[in-house]
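Going by the order they are written in, the chains are A, B, C and D; count residues from 1 in each one.
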Amino acid sequence: MCRWAAWIGKPIFLEEIISRPDHSLIAQSRRAEECKTAINADGFGVAWYAHRAEPGLYRDVHPAWSDSNLAALAGQVRSPLFLVHVRASTGSAISRNNCHPFAVGRWSFMHNGQVGGFDQCRKLADMAIPDDLYGDRRGATDSEALFLRSIGYGLDKAPIAAMERAVMEMQKLSERFGSTPHLRCSAAYSDGQQLYAVRYASDDCAPTLYYRHCPKRCGYMVVSEPLDEMRESWQEVPQGRVLTFGATGVTSAPFLPDASRRAGGMVSTQYAT
Amino acid sequence: MCRWAAWIGKPIFLEEIISRPDHSLIAQSRRAEECKTAINADGFGVAWYAHRAEPGLYRDVHPAWSDSNLAALAGQVRSPLFLVHVRASTGSAISRNNCHPFAVGRWSFMHNGQVGGFDQCRKLADMAIPDDLYGDRRGATDSEALFLRSIGYGLDKAPIAAMERAVMEMQKLSERFGSTPHLRCSAAYSDGQQLYAVRYASDDCAPTLYYRHCPKRCGYMVVSEPLDEMRESWQEVPQGRVLTFGATGVTSAPFLPDASRRAGGMVSTQYAT
Amino acid sequence: MCRWAAWIGKPIFLEEIISRPDHSLIAQSRRAEECKTAINADGFGVAWYAHRAEPGLYRDVHPAWSDSNLAALAGQVRSPLFLVHVRASTGSAISRNNCHPFAVGRWSFMHNGQVGGFDQCRKLADMAIPDDLYGDRRGATDSEALFLRSIGYGLDKAPIAAMERAVMEMQKLSERFGSTPHLRCSAAYSDGQQLYAVRYASDDCAPTLYYRHCPKRCGYMVVSEPLDEMRESWQEVPQGRVLTFGATGVTSAPFLPDASRRAGGMVSTQYAT
Amino acid sequence: MCRWAAWIGKPIFLEEIISRPDHSLIAQSRRAEECKTAINADGFGVAWYAHRAEPGLYRDVHPAWSDSNLAALAGQVRSPLFLVHVRASTGSAISRNNCHPFAVGRWSFMHNGQVGGFDQCRKLADMAIPDDLYGDRRGATDSEALFLRSIGYGLDKAPIAAMERAVMEMQKLSERFGSTPHLRCSAAYSDGQQLYAVRYASDDCAPTLYYRHCPKRCGYMVVSEPLDEMRESWQEVPQGRVLTFGATGVTSAPFLPDASRRAGGMVSTQYAT
C-alpha cells in the first residue's frame, strides 16, 4: 500500500524525514502502523528540488532500510522541497520504473492507494495518456498513469483542477472496467514551488494523510503516517480535501473530482504560518 | 544492438552456449565482432525449456560477464531447447522487463535489431497489442511489442505467417511515424517444440544470422554471431529467410512480411540432419 | 535472524519448498512466526545439487517474495537435494556475498543464528581461516567464517566432528572477545550426498529446527520453521543434536562442541525411513 | 583497470566530470583510451564533500552509463571536492563493497592499478589492517586494504608519508607472495580539505595521471585520462610523484615508498594557481 512523506520549507537534510525520526519513513518501510501492508519493501524513491527547476530522482527496488546509497544521499543532500516514498506493490512488477515518485519536467508525484482492478483497464488508461507524454510512460503502475493524465489536463495552469479531472477519469475507468474499491488516493505532488497533498477515495476509505507545521525548521512535513508519537502535533486531513503548501503557508480546499466541483467555485481556508 | 544464441537438440548444459565456447555469448557481451555495438552490457537473459511446457525465464540488468548467478545457472541447468541474449539498449530503459528473451505461455522470443524511430510510434504499437495480451506488456521495447503482436496474429497456429504479419505491421508503423532504418530483425522464437529463426530487414541490412549442425551433441546452434573461429562450420542464413528447427531437422523458407508472401505459396528446403 | 529449509530425497521442484506450501519459505520471508525477526528480506539464496558434484548457487539481495528470477528457477529446476535460505541481517552488509547458502567445492552451508559480538572478533575469525581457503572468504558474515573453519577442520572426513570443532572455536572467540549470546545455531550443510542439520546454542536458546518425512515424495524436508499448519507431522529436533539424512534414512546424534564430546563416543539413533 | 577523476575548487555540479565532457568518465566507462581495459563496467562510485566533514558515498555495480540514479545525482549535487571512479575488476567480485571510492571517517580514496598476485597475499594484507579499522574492511580488494593500511599509518598526521608506507608494505607483500607487476598505482585521496594524487609503480609502468587548472571554474580537475581532446591543457604527472591540491594551489613532491624517502627530506615544487 505504500507510505510517503514530504517536506517544504527551509532546506533540511533529507534524513530529517527519511531516517532520523522515531517512526521515520525507513521505520515505516519495516513496520507501518496505519496501512494494510505493514511492510513496504518493494522499492523506494526520493524526488528533491535543489539547484534546478527539475527535481533529482533517485529510486531503487531494494527495501529502503538496507540501501547504503539512500543513507548517503539522505545524510548529505539538503533541500527545501522533497518527496520520499516507500512502496508495497499493488500488482505491478518490482522495477525502478514502477517506484515512486515519478517526475516529468519540473513536476513530481507520489501516491498511496490504487485504481481498483487496474489490470483490466491499464490499456485504456495508457491510451488516454497524451501522445506527447507517452514517452514518459515507462512503467505499468496506475500511479504513473494518473500522474501523466493530470499533466495532460494542465497541471501547470490548474494544479488542482487538473488532478481532479485525472482522478475522476481513472475512477470512471475502474467503475466501468475494474473493481472495487475504485479509487483510493493519498498523494503529493509539486512543481518545485508549491506542494500539493490530496486525500480522496471513491468509497470514503481514503488512505490517511497528515501534516505538521515545524516552526523551528520553518516548514511543513506532510505525511501518510506521523513520523513520531507526538500525535497532537499532527493535523489529520479529512477526506475529500486538497492542501496547498507554499511560501505563504497552507490553504485547504475541497477536492471534488466529480463534475459539480468544476462547475462551482473553490472553497479555501488559509492557515497562518 | 544485442547478440543472441539458441540451442535445439539433445539436452546440453546452458554453458555450452553461454560461456564455454571461445567466442561465447559472454565473450560477445564484452566484445562482439559483427555488430555495431561491440559492448552488449545492458542486461541479459535466458529462456530454457525443461520439465514444463512454459520456459523458465532468467533475466537481469547486469553485464552477463559479471553475473555469478548466470554462471551458476549455466553450469547446472541442462535443456534441449533454450534461448540466450545479451543486450545493448537501442533506447528503452535498463530494466529486467526490457531484457530479452520475452516469454508468454509456452512461447519465448528474442530479437536483435530495431523498429526505426520506435519512440515516435510506441503508443500506436502498444495500442495494437490485443487486449487479452496487454497484461504481458511489461516493458517498453519494440521487441516485446513485436512479440506480443505476433502472438495476437496466431503464433500458435501459424508461427511463420503470424510473425510476418507482425513484422510488417511494425515496419509500416515505422514507415509512417518512425525513421529509417524501418525494420531490422534477426530473431529467434520457440514454443518449446520447434525453434524458429528469422533474418529480415526493410533495407536489406539485416543483422547477421548463422547456424551449425552439431552431430556429436545431436542438435543445432543458432546464433547472431559464430561462437568460435571455425567459420566454415557455420552456415550463414541469407536475408529474407526463416528457418524452422525441429525433430526432423531444419527447413528454410522465404520470410516475406509483405502481402505477396501470404498470397503465394511457401518455398521450403529440407536440410538433412 | 533468518529462515531456511532443505530437501533430500527423490528429485522435486524447488518450488515445493520455496513457494508452494502454505507457509513456504517465501511466506516466511514476509512473516515468520518462530523467530525474532518476522521479516527476512535482506536477501535469499538457493544451493541445489543436480548433474554435478558441486552445487549450483543462486543468491541475491532482494526480498525473496519479489524476485521473478527465483520464481522461475523454483518452477523449473528439480533437485534431489537443495538448501534454501532467506536472510535477516545480524549486522553485516546487504551483499550477495553475505547471503546464504555458502558453497565451497561440493559443500554447501546455511545458518540461522549468530556468533555474539562478531564484530569484535571478526578479524580473529578471519585469521583462523586456513590459508588455502581464504580465497573463499568473500563476505563478512559469522556464518561464512564458521563454514570455512569447519572445512578446514576436515568436513570431508568427519562432517560432524569438524563442525563441532568449528562451532566451539567460534563460541570461544565470542566468549573471549564478543558478547552474549555467544553462539546460536540452527544450520544445515551437505556434500551433495548427505544432509546434516544441527541445533545448538551456548545458552540453550537455539533457534528452532524441525523435519518431516514425506513418504509420497520419498524424502525429508528439514526446516527452521514448519512449512504448513500440520504441526503433528513435523518432528522438532531437540537442542544439542545433529541429524544426518541419507539414502538409508535419518540418524540423530548428540552435537557436543566441547572437548568432552570428542573424548567420548558417539551416540546415535537410527530412525526408520 | 579502472578510470577515475576528481575535482577540487569552487563547487560545481558532479556532472561536470561525470557526464558532460566529451570524454567524460561515463564515456571512459564505455571506451577508455589509455588503459588496458577499454571497458570499465564493473561498477562505479562517487564520494563527494558538501555540508559535512565525512563525504557522501554512492556506489553501485551497474555500468555507470546506464544508471539513472547516477545521472540524477550528477545533475543535482554540487560539491567543491569529489572523487568519481568507474571500475574494471582485477579479480575480486562485483559487489558494492568492492567499488571505489572507499570512505572511512572524513577520508576517501580511489585507485587505478593493482597489487600483483593479491589473491596470494590477501590474508596477510587483511591481517595487517589495524584492529580498530577492521570493521571498515568490507570487501576483498587490494585497493581497500591499501587505503585502510594508510589510515593505520597515520594519514591524518602525515598524508603522504602514511601512503608511502602503505604502498611499500603492499609492494613487499607482493614481492614475497604475489606476482609481477608488484605494484601499480594511480590514486587519489582526500580528507575533504585537500586532494592528493599519486602516480607510482614498482616497475615504472604506472597508470597515467593528469591534471588541469580550470581558472573559470576556479579549481583543478585531476584524472587518470583527459576528459577531452585539448591535450595541451592537461599536465601529465610523471611517475614517482605526489601532488597536493589545496586552497593555495598545487604542490608536487617525490613519492618514494622505499626507506630512503623517509630518511631524507621532502622536495616540493609550488605551482602558481
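In this section, a contact is a pair of C-beta atoms (placed from the backbone, for glycine too) under 8 Å apart; a residue touches a chain by one contact, two chains touch by 3 or more.
All of these numbers come straight from a predicted model, not from anything done at the bench.
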Numbering shared by both copies at the chain D-chain B contact, with half separating same from different: same
Chain pair with more C-beta contacts, C-D versus A-D: A-D
Whole-Å gap separating chain C and chain D, where each centre is the average of the chain's CA atoms: 40
Whole-Å gap separating chain B and chain D, where each centre is the average of the chain's CA atoms: 42
Where chain D touches two or more other chains, by residue: 68, 93, 96
Touch-based graph of the chains, sorted into line, ring, star, complete or other: complete
Sites on chain A touched by chain B in the complex: 93, 95-97, 119, 122-123, 126-127, 129, 131, 134-135, 137-138, 140
Touch list for chain C against partner chain B, complex: 13, 48, 50-52, 55-60, 68-69, 72-73, 75-78, 96
Of chain B, residues touching chain D in the complex: 30, 39, 41-42, 61-63, 66-68, 89, 93-94
